[in-house]
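Here you go, one structure.
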Amino acid sequence: MSGEHESGGTMFDDLRDLYQEVILDHGRRPRHMQRLARFDATAKGDNPMCGDRVQVWVAFAPDGTIEQAGFEARGCAISIASADLMAETVVGHNKQDARALFASFREMAKTGACPDCAPALEPALERLKPLSGVHEYPSRVKCATLPWHALAAALDDVKEATSE
Amino acid sequence: MNDVMAATGFDVARIREDFPILRQTVRGKKLVFLDSAASAQKPRPVIDAMVQAMETQYANVHRGLHWMSERTTEAYEAARDAVAGLLNARERAEIVFTGSVTGSLNLMAHSYGRGVLKPGQAVLISAMEHHSNIVPWQMLRDERGIELRVCPISDAGELDMAAFEALLADGKVGLVSITHMSNVLGTYTPAERIVALAHAHGAKVLFDGAQAVVHRKVDVQALGCDFYAFTGHKLYGPTGIGVLWGRRELLEAMPPFMGGGDMISSVTYERSTWAQVPHKFEAGTPPILEGIGLRAAVDYVQAIGYPAIAAHEAALTEHALARMSAIEGVHVIGRAQDRGGVVSFTLDRAHPHDVATLLDRQGIAVRAGHHCAEPLMHRLGLESTARASFGIYTTTEEIDVLADTLTRVREFFA
Amino acid sequence: MNDVMAATGFDVARIREDFPILRQTVRGKKLVFLDSAASAQKPRPVIDAMVQAMETQYANVHRGLHWMSERTTEAYEAARDAVAGLLNARERAEIVFTGSVTGSLNLMAHSYGRGVLKPGQAVLISAMEHHSNIVPWQMLRDERGIELRVCPISDAGELDMAAFEALLADGKVGLVSITHMSNVLGTYTPAERIVALAHAHGAKVLFDGAQAVVHRKVDVQALGCDFYAFTGHKLYGPTGIGVLWGRRELLEAMPPFMGGGDMISSVTYERSTWAQVPHKFEAGTPPILEGIGLRAAVDYVQAIGYPAIAAHEAALTEHALARMSAIEGVHVIGRAQDRGGVVSFTLDRAHPHDVATLLDRQGIAVRAGHHCAEPLMHRLGLESTARASFGIYTTTEEIDVLADTLTRVREFFA
Amino acid sequence: MSGEHESGGTMFDDLRDLYQEVILDHGRRPRHMQRLARFDATAKGDNPMCGDRVQVWVAFAPDGTIEQAGFEARGCAISIASADLMAETVVGHNKQDARALFASFREMAKTGACPDCAPALEPALERLKPLSGVHEYPSRVKCATLPWHALAAALDDVKEATSE
């Protein structure tokens, strides 16, 4: 079985930049794929072009930082992994930082890098880096950004977002 | 590959030489294009016909009294003859050019739906329609109170003919608008039976032949239907052109859809009168270059011949079904008896989008998604599938590459 | 030829080399193509862009996850950017692709006319519209009780602005839909004044820019209008593609026109929801190859530059007016101050059709007829005219050939 | 003036096959361009593509042959000449022969000849021959046939004809 896995792995070596272990792992076993029992904001995201759908829930700490985030989604490995990594990395950030993180992440997903990103976000971005491989697959960029669109909508108190 | 093909001298290698794009590499790999059902590639004669028009013989059509316009009109109107021949229409005037099959279906929903059908009547579609054969009728329903009925399908992906007849029983169905071949399941619908039943209950029949006309000879007189629609770009022709065939007397009874140049007989502010069919439905400068390209495509397909095409694609489809069914974790969606060269599938533990991306990395182009058929996806309990679809240039080897690569994809996500 | 052109390095001989068709002969004579207002010829880069797509990079757009589809989507969507740049639209999402300007105007008559305007409101057009900007509104009037008002023109062929204002006075006009340049008289309408007056009376403004955009820079933000429509094939692009620009908030408030693939957000039988603009208005496979061709055309025109184009065509028109007015028996129809490169005329004792045929015998292509503007012909007391129209590749020598030959035509029928 | 005419003539020598003297003459000075005071049938013809319009009147003799034909028209030299020559040649023919003449004439206008034409119609066709030049100008064929369409409509008791 692991031999077979390797032969699959060999053939798709080039794809490892997109489907890094961490993505396959979070795609298969997301840690934050759950509706929060208590939450302060929620929003849906919808990519009509491919049928991906996600809902994001957020709970804030008294200081206004995100205490917990969860999601439910249907979609590909990349969108699930992206939602899961998002739920992990936004914790501890306030709304403004979370939005900045989205902007940086979007830049990274589109171009592969984010040279002008705020140094304060570096650790979080580092964690999201495995997703930067999508920039070579323009039609998959939306998979990675859709959960973030939903998060942004939740933070803005909008009920629905679309990844255009 | 089989007797018919041997008899017809079908030679896929020679055909492939007519399609320059097939020599391309993608991500360093040989292109394996299995997305023809979305849009087919264009053979040399189609490209050449369009180039030749633009380089040597082009002007606007119909009203020009000068040489370039006369020649261009001839070339464009020759497309009408070619399509009339393709469908075995009784008359060339029964061929209406639109922008796409979506344009043809919307023309029907407006001109027939709003102009001929009456509130209280119904339109009957099936559970395996493309959005283009759902949404226009939905808009008609919501605007005009014309009921929309949906004929169920079996789990194998075949039309439930008992239900079909039952849905016609009250005589309210004025129009059956149904796919002639599903773009997701590959199912050919039983056209003659549909027509017989519909006519017996006083309904006219329109086929969405976007997929069907690509793989098999369509003879509208033999089918006995009333309208038939297809799209140029799936039949190896250019984008920007679609076809609606209709019986002359039915077309004549329909009001025009769009207004403008070329579709009028005379215009005053008080009242305008309409040109004869088909021009009544062709407002504005028509898709001239596209007509010229489509004509070349039709001639190309006719020269190869539908018997050979159908045999080739049947062999490919059989091979694909056999190879893919043998892969653990692969589920072929749709098991109709009568089917064309489209195979939808899912793979356990892998989302179709991820499957498509991994295949693409190997140069293999398949489609993944809901294929503009969301209600069918719901019916199947799915959100999306991957789909491999075949054309005249598809080879057995390409299907083997797909199957071999799918095995690896399965392992990648194991 | 004049200072602007010298300054811009405009070189008509070099431009002509880009148009292969101009080297053709017709009936043994050098082609003198003076029918560009009906449809323009296509330069090398347009032909090449379409060929290159078909030969090396083609698939259906928007939903494909594979390389060919991604690249084709990029190429097609780049056309939207190019057109947004051409018109100086605020956003690319404001550019809707249709099949032709006739398609754009019908979209407006359906989506804005039936979806936004209310019975009792009025649409205001002018007495010099093309049928494509008359008939859709007439159909709307007859179906929905929306009044159709017609602003008169002067004998010189200019809009009667006093009447225009009076027609707006009661505040019932919801939409002014007016030509930006007459395809018969050459008249440019005073766009900014039209917009200012219309807006002051609560009406939105749609320009039919089919002719206008060919000859001059159009900046929709500077004009201040709400919608602008044009057609690809008159701007040196392919047939089968048209453009509708609209302010985003207005487009968003409009219901879709045609239903089908690509224009939906989700579909169930009960209810479908629409995609964002511009996709909401683009049902079905769009004119992909045509978009790619149009983009090349827009780039070509922009590279030459509108100042040079406008100067060249102004010089040609001036020369044509001078030469033709000097021929006994020739009557130029339309004497507007502000005009583009279109000259209609009649000749005593000769029907325009006979004139066109005699010119054609000498290789000269002009149009003759009512030019899809019958009501304007009635206004002028004519049934038809002959029309010579100019493009970037037209030369002074060609106009001299026309004038010299017209002198002979006059003699022929003397 | 006749010198000028000649130079026009020289330049357009090739056009003489289309605009023969008889056509120019009948186009300029039609003999039958009149509404009949007494008539048995009439119909209009309309070519929407170019705006040509014609109305034809027919009076029959007691034996069923056409006694007189007249027309009013707006159109080009070819359509006027064709209407005029038609009005001249149909006289003396019964309905059936007039229809046969139309069929033969149409064939001639489209192809330049009518090899299978009925010998009985030869003299009439000979008179119409000058119009056969239109076959080289496809868009002008309708100009020549429109009056005949109107005549056929009148004979069939139809009120309007269109040349498609």
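By letter and in written order, the chains are A, B, C and D; residue numbering begins at 1 in each of them.
As a working rule, contacts are C-beta pairs under 8 Å (C-beta built on N, C-alpha and C of every residue); 3 or more make two chains touch, one makes a residue touch a chain.
If you're wondering where the values come from, they're calculated on a predicted model, not measured in any experiment.
Between the contact lists of subunit B and subunit C, the overlap consists of A, D.
Counting C-beta pairs in contact across B-D and across A-B gives the higher total for A-B. With centres defined as mean CA coordinates, subunit D is found 78 Å away from subunit A. Averaging C-alpha coordinates per chain places the centre of subunit A 46 Å away from that of subunit C. With centres set at the average Cα position, the gap from subunit A to subunit B is 38 Å. Within subunit A, contacts with two or more other chains are made by residues 49-50, 137, 140.
For subunit B, residues that reach two or more other chains under the stated contact definition are 27, 63-65, 69, 264, 266, 353, 357, 360, 368-369, 374. Residue ranges on subunit D touching subunit B, taken from their complex, read 46, 48-50, 137-140, 162, 164.
Of all residues in subunit C, those touching subunit A in their complex are 62-65, 69-70, 73-74, 264-266, 275-276.
Only residues 1, 4-5, 7-9, 11-12, 14-15, 18-19, 24, 28, 49-51, 74-78, 137, 140, 143 of subunit A touch subunit B when the two sit together in their complex. Those residues of subunit C whose C-beta lies close enough to touch subunit B in the complex are 20-21, 24, 26-27, 31, 33, 35, 38-39, 41-42, 46-47, 50-51, 54-60, 63-69, 99-103, 105-106, 109, 130-132, 134-136, 138-139, 148, 150, 231, 233, 238-242, 256, 258-264, 266-269, 271-272, 283-290, 353, 356-357, 359-360, 363-369, 372, 374-375, 378. The residues of subunit C lying in touch with subunit D in their complex are 27, 349-354, 357-358, 360-362, 368-370, 374, 377, 383-384, 405, 408-414.
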